[in-house]
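First chain written, first letter: the chains are A, B, C and D, and each begins at residue 1.
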Amino acid sequence: MIYRRHIQIEFNHCDPAGIVFYPRYFEMTNSVAENFFREVAGQSYAAMMRELQGVPTARLEADFHAPSRLGEVLEWRMHLTRLGRSSMDFGLQAWCGDQHRVSVRLVLVFVEGLGAPKPWPDPVRAAITAFMEAPDA
Amino acid sequence: MIYRRHIQIEFNHCDPAGIVFYPRYFEMTNSVAENFFREVAGQSYAAMMRELQGVPTARLEADFHAPSRLGEVLEWRMHLTRLGRSSMDFGLQAWCGDQHRVSVRLVLVFVEGLGAPKPWPDPVRAAITAFMEAPDA
Amino acid sequence: MIYRRHIQIEFNHCDPAGIVFYPRYFEMTNSVAENFFREVAGQSYAAMMRELQGVPTARLEADFHAPSRLGEVLEWRMHLTRLGRSSMDFGLQAWCGDQHRVSVRLVLVFVEGLGAPKPWPDPVRAAITAFMEAPDA
Amino acid sequence: MIYRRHIQIEFNHCDPAGIVFYPRYFEMTNSVAENFFREVAGQSYAAMMRELQGVPTARLEADFHAPSRLGEVLEWRMHLTRLGRSSMDFGLQAWCGDQHRVSVRLVLVFVEGLGAPKPWPDPVRAAITAFMEAPDA
């Protein structure tokens, strides 16, 4: 299944060339992942903070295919490619209409306390597995 | 040769877990590249903007080895791995003392006007080549 | 009339104390103003950029009544207090449920070309005046 | 006495109009205050975080006199106007050469634990008082 979020490109995202400044794309990928955890995995970042848990990024790759401009709306599409014992790989694509702007691959790790990786909690694993196996609407 | 910049980790860079929020690392990599172009390549981003030139990022890869915390000072080390006709590959590493925190590989492309890649201007190519060939101090 | 926007507090907005970092509130006030211009005044920031126009902030005041936390949703309420020849004063309040978090007063100026203030274009003035005079829904 | 910090305006600070986006000025004011606490008051934000202390901003006012552009270096000058039992008022000015760009007035409050204001610790009060009374170099 694919998780979708729309993000409107505002002043805040753009550089002096009038296009999205690349670090802002990663504010967007973090926002998409954050909303995925709250809405799909049933574990919000706020709840994780209270329990001294987190999902830091271990690795990412990004390809910037074409620039995005002020006033456009990006559709971010996220899909999971692998659910490990305590990690997760996913791919994100940003589209504006039929134009593919950005591709990102992220690896997240579930950690607790002083930063040691921990297995995903069972309800989180179950929710994510169900999402991975569901057909796209 | 290696280009070095020190960046102190301030409130602005940190997330609720008290560690650097990963999009902020890319604000840092952009700052390192921006200062490299001004100081080494002899072509500042401000000068490029005036001439409708730019060096957008085409691709990046990053590995986050260990978290960085408020109050630490990171040493960023940048080296060039390839200078193409209109692109450039470089590697950046962030260190805190003897701890390796982050590795990033960036591919930049020189563009003019409406975004078409252009060959590097001769003085820029000469300055960068001299930098690549110089021994590290 | 009151213009409303909801903004969810995400990782990106929060500091190591787990509360909104105050510069991020101004990213929010800019976003509210930007959406107001597009939706109400009929003049988007993207359109203004193409015509070398803008609405830089000349002055602001802010009172921070109580902190806002990760996962909360803020309702921003914006009202206009004065429409001058080339400036505009407005007030913004951020609420979370019945808790008043932040009050901001902003003065914007309409400029063209090299930064000289210009009178508001007639259609913009008409749209904003109609908004000011409309009763709140 | 006046506390000074130089900040170079980089891509990260600028908007599509090529000038500093106003929320970025407040990232700068926070950075100036953060370095003042570490260097002058003898209490870094990192140390405060470990003790569950903080200095949230209660109020600010800002006047933007003229825009600042990519590649310029701002000199921020900070002086204290009042040291209360648990609060502090200070003024900041950003200059570029002999051009006055921005004036900010900030009120900070010292808090502990769940956010209740607390008197400044004696060593902090002593260090700040000494700074206020010292002649400018």
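Throughout what follows, a residue touches a chain if its C-beta (ideal position, glycine included) is under 8 Å from a C-beta of that chain, and two chains touch if they have at least 3 such contacts.
Because the structure is predicted, anything quoted here is derived from the model rather than measured.
Novice: Please state whether C-D or B-D has more C-beta contact pairs across its interface.
Specialist: C-D
Novice: Need the most distant chain from subunit D, centre defined as the mean of C-alpha atoms.
Specialist: A
Novice: Between subunit A and subunit D, what distance separates the C-alpha centroids? Give it in angstrom.
Specialist: Distance between chain centres, rounded to whole Å: 34 Å.
Novice: Whole-Å distance, subunit C centre to subunit D centre, using C-alpha means?
Specialist: 24
Novice: Subunit B to subunit D: how many Å between their CA centres?
Specialist: Going by mean C-alpha positions, subunit B sits 28 Å from subunit D.
Novice: Do you know which subunit D residues sit against two or more other chains?
Specialist: Residues 11-12, 16-18, 21, 23, 27, 30, 45, 49, 70 of subunit D touch two or more partner chains.
Novice: Looking at the complex, which residues from subunit D come into contact with subunit C?
Specialist: Interface residues on subunit D, with respect to subunit C: 16-17, 19, 21-24, 26-27, 30, 45, 49, 54, 56-64, 67, 115.
Novice: Within the complex, which stretch of subunit C touches subunit A?
Specialist: So the residues of subunit C touching subunit A come out as 10-12, 18, 27, 30-31, 34, 38, 44-47, 49, 69-71.
Novice: Under the stated contact criterion, what part of subunit D meets subunit A in this complex?
Specialist: 11-12, 14-18, 21, 23, 70
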